């Protein structure tokens, strides 16, 4: 069976890619997508952990799955909200480029 | 005798009354009441003085409070009252943990002599002022200051402890400041007053330090206890010498000894009666009095005595030369005062205790007379430059006669008071000090006679100066007081003789160690008489008859003359050092304070903080991805930190 | 009357505070009302302070009028512990007098006068509080309360100063250094004063916390000065601990006492402040600092104060030695700085720095006489400097000039004001017969027994004082009547009252200091028993 | 782990259910109210919160129960915070009624969202499990994201909200990742189970450190602790003023309630074996106070200033968190007391600033010039608030700081307390700058006043433009017509319109509380002690 470490490394890589995306992307929409990636990394981690917790790969602990489902739900709401705000930004300023979104600084 | 404290207190009490009355009464009424109060107070003091004098003559060691003094066989009476205490009352550890201060009076011959001189001269001067200051708009203040002045002086001579002496000492300084600067509308008196106060204050620093130094070794401010401790050898010789010199520093300031003499000539800017009071009986006498009072300290230190004598001689000689070339009548008298104070110090340094006090008294009467005479001249002519005067005896005969008496007395013409006292000084100097001292002292005596002759002959004799045609002689208040002083200037010297009765002559009255009768060294007396008479004759020829031409001498001695006329440039030196050194230093410190201590030391950290804030704010760039970056870095930082901490 | 004794200390704190609160209810548009009300309140505190001083039993000594009000129980254990000892008694009296005087003098405040008196009374309350509480929390509380109103009092009602360029020769050499034109805005003065004082209180606060923590290690942690004092005398605080905590209090409180080199807030602050505030500030507030050093630093940390830090030859340099050196610098440096000032208020400001030096020296002598002198000097200087500021305020109000090179001959037009100022000036130069001499003399006495060379310097400093005071008097007050001052009126009745009363106090203390010294003595004695 | 009756004691959640229902009801009522009557919603919401607070106290006093098998706690701690949050809610609503009417659209949703966020906060104070905590936190955050963006046409508001939500989402990802790591190493997510797992642990694995670090970082965002603070100034500045106030006061307090319970229940009991968390928090605290206060020095916008200053205050409170100890309530008391005192004081400042904004539409520091003449009451309120925030007596700011710093010092962190005191000094400087504007600077003459208004209107979006003048009184407008033009107007200033009764009431109550708590905090501290005893075993 696939060891837990493998899942954890996958999750970590995915999380790092998401984090990189947040920092590297200039479009607000892509940034939000990168965050989604990070949340998925979390989900992978949770589910893998849940399945390995008794050391035999048995479905002994359901908490991980439950948490993952919650996270998926909340993330969906979060994206919806974020998109609404980004949309509003587009209406107000006709841009979603975060380089241009710095009226306020220092 | 216990009531001696009344003498100053009467005058002290008059001060607030005069001031308050001055606020409520107006014009002449207030002036008259002020004068009346002040004169009544000092008159009361003068009367009490006679009771005290009589009481003292009658007292012996059985009288309460009286015993034989320290280091002298003279009777010393002491009465005191607690003022306040500070520190630990029970003084568990040692007496240095507390101070116990007292209002105390000490009555001994020295005090009696000073009391007599001060009350009498002050009384005369105050009466004289009635005429001289007539019509001054601030006469009430004048008399208030006068009363305060004389009260302080009397306290000074009565004080039984150094602290009280210092208090009175400072008050004397203050009053001299107020009186010299009485006509503060003109800049000169203002400056002179300030100068007098500050210069004497510098000496006072020494005095206070000396007093405190003595306290820190004796544990008491009481003079008698201090003297006893010194006699018992409780203090090391170094401490005695240093404290004696510190006390002398104070005396130098007040008695205008070189190099602190500069304030005295300038002090002539005050009203002339004030000059008379300061120079004859009060302020300048205080320094001599202090040295005499603390003589048990001085006499323990040969070094101190030597320095006192040297300073005295330098002062006496230097001032005499300046007096010879000065052109302002009052300044001639001022330098003469300095010179004679120098002689007194010299005498003290030569262990001539009696001679010094005797000369102090004799000089006091004569000098008061001379100043009042000069005041009379000035009052009438409104002129002080001797070069413009001449033959004034024609219009003011009384003043002329009285002034001449004073001048002759001070010049050392026999029978008159000045002769006797000067003679005693010469004897003391001859006995105790090297040859050079007596030579220079005799030279000083000669110069002294010469400048007195010059002043007297230039002003009152010789060719009459026509512009003073309509000048009148002094009013009655002035001439009577001068007359009384003149009597003293003539006859006071006779106390030097051995007299019958309880007062056996000054040598048995005021003395250190033990009393002595009249001493007379024929060759010295003869020499001094010859010198004095020669000086007056020469003066008559040169200044009244103009039969001696001085021009040749002037040209030959041009340089020394210039230096003497420039008062040895000591004033300039002081002025320079104050302007260029003290004030520059002060500005420098003020600049340091602003530029360094404040702008760098205080503002600096504030500015750095503000700059830090302005720099740091840049880290919030406004770009959302850099916020994410910061979070990521922070996160990594936290993880690393955690790792470091847990391993 | 004994009932009053029970609550007098509480009242003396609460009355001005409540007065401040009630003042806010007064109508804004009637400035006189606020003034009258403030007079009423400060008169009550004056009476209370006189009563407390008179009723302090100097034969019994110790802490009297003790009252303890519980405030917070465990775990902090803070009580409002009120008590007054011989050191606090004259200072309470001083604050009562100066507060009353300052309120009277502030008659001329018309702009937002209600706010002014609210703040002034709050300030007074804070000062009273510091003097009479026996708990570090409340001591600090009131200490900060006394500092807080200063910013607004100076900022709103103060005045700015502008200096012209002033090129001076240095040492008489051909080098000139340009002092430049510069301004001391009231905002700057207020801000600096506030920040520097609060910076000092940062140290105090840290010190207080350190004391609390240290007490918690040996007993129940406490802020009570009484309990901490007991622990300290039982030797529970190690010398090493005391040695590092003492400077926190020394510098922290020293800042408010104008300790060099942290003094520059004081001249600038005093100059910018309105008259009444300058009076209170120089007169009373600076004394809080010195008082704090005694009450907190010396009582709690005696070993920290006197244990040698290092040796210079045979001489062990303790914090107290450092303090007395700084105090001496204060005396001389303040006097020298004052000499070259041109602004009347700056001269007084620097003279305050100089005179606080005597207080600091007296404290640092650890000598009974010196310490008594220090406390008496606090009282004496408080009255004297308040009087000077009051009279300068009166002059400035009429002439709008404070430059002594411009002012002249004021004696002719403002006889009373000049007279009062002159008396205060004479007191400040240590003239016997006025209070300054007695106090300074005692400080010298103490210092002579302990630090002779410094004592000599201090005496020299006293002579320097004479120079600048006389210069000031000669330039400003004496001289010909100038037509420019023709229109001036003499001191108002209120100013005459304040001036006259203060002059009488100066004279009284100068002539008969026993009522003060005997009270101070008992306080000083109990402090010095710790050493 | 025995299976528990998940529905036991469900009645204890009545206030939360009621609050949720009430919020929905507000949404519903909004539909039926005519536009000019929308104000009613505000009053209704406030009233509802008051009623619910009273109900909570009556129902829950003395209860100490765990619900849903230990996911939620009903104890004195949660009750205290519940009442506290609802109280804040009431004050925020009261102070926003005018603002919302003047400056914002859709008032119904505004109040409804606010109520939901209060619900989220209540749950945060109650939750004893990481996921529950996360979800309550998101309930709060989502409401806030929207509220920050509430000034629809205002670019700043929009931008603030965008940054807020992006960083917020990122930080939830981080928080959740941390949660997953903890879960994968310890297998549990309940606080007390974490405690047990930690105490049994022999040598923590790197995965666990990483998980805890991630968790703290995620919470650090919510607290706006440096270096997770950068969103705060932007969100504060962009948000409408009442929302800024809400962010500064409530969301911060809620986050701290959560952190308090987490640290107290999971970490504190195992401190003797495992005290690295203290060091981490101490570092965060120290950096926060320094950076927050330093940067605040350089600000000119009032909201931004308050944002940075609140970062500084977070540092102080974090220092209190770091010294929570199993055997002493001092630290927990200090933190809770500080939260209350800080909230009360900030409420005063913000309410006064809202009133000022309502009258002038300005929010830069120099705009406050002469406020002491133009509207003395507001000036006094702001001054008192700022003095209190800088820690001067007789205000609550002094007492809370003294209490908290004593607690910090008492646990051996004297240097940290010293640093906190020093940074308080720095904070005094910028607070005084504001006070200086109000009291020392002269009020602008009428002419320049008008000019400033129009220039600001030009920069802003149309919806904000000319709003302030629309509400101004006739004489205010009159001043615009004649223009006296000299520069030191002692009397010639424009008096501001008197703030509404609700605002005055909020400011006044806040002022009274500021002084009363500063002078006599004993009754409040008794309650605080009860609350902290509920979460700390040693209490």
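As written, the chain order gives the labels A, B, C and D, with residue 1 at the start of each chain.
Going forward, contacts are C-beta pairs under 8 Å (C-beta built on N, C-alpha and C of every residue); 3 or more make two chains touch, one makes a residue touch a chain.
Since the structure is predicted, the reported quantities are computational estimates derived from the model, not experimental observations.
In terms of Cα centroid distance from the overall Cα mean, chain C ranks first. Chain pairs A-B and B-C differ in how many C-beta pairs are in contact, and the one with more is B-C. Between chain A and chain C the centroid-to-centroid distance comes to 64 Å (mean Cα coordinates, whole Å).
Separation between the centroids of chain A and chain B, computed from CA atoms only, is 97 Å. Centre-to-centre separation between chain B and chain C, using Cα means, comes to 36 Å. Remark: chain C and chain D have CA centroids separated by 41 Å (rounded to whole angstrom). Shared interface positions of chain A, i.e. residues touching 2 or more other chains, are given as 19, 22, 28, 31, 101-106.
Multi-chain contact residues of chain D (touching two or more other chains) are listed as 162-163, 166, 170, 174, 233-234, 298, 429. Along chain C, residues 195 each make contact with two or more other chains. Every pair of chains meeting the touch criterion is listed here: A-B, A-D, B-C, B-D, C-D. Chain D makes touch with chain A in their complex at residues 131, 134-135, 138, 142, 145-146, 149, 152-153, 155-156, 158-163, 165-166, 169-170, 172-174, 176-177, 179-181, 183-184, 187-189, 207, 233-234, 237-238, 298, 304, 461.
Contact residues on chain D toward chain B in their complex (touch as defined above): 162-163, 166-167, 170-171, 174, 204, 206, 209-210, 212-214, 216-217, 220-221, 226-228, 230-231, 233-234, 276, 279-280, 283-284, 291, 294-299, 426, 429. The part of chain B that touches chain C in the complex is made up of residues 83-89, 96-99, 163, 166-168, 170-171, 174, 177, 181, 184-187, 190-191, 193-194, 197-198, 201-202, 204-205, 208-209, 212-213, 215-216, 576, 579-591, 593-594, 597-598, 601-603, 606. For chain C in complex with chain D, the residues that touch the partner chain are 17, 28, 71-73, 75-76, 111-112, 115, 137, 140-142, 144-145, 147-148, 151-152, 155-156, 186-187, 190-191, 194-195, 198-199, 202, 205-206, 209-210, 212-213, 216, 221.
Taken together, the chain B residues at the contact with chain A in this complex read 617-618, 620-625, 628-629, 632.
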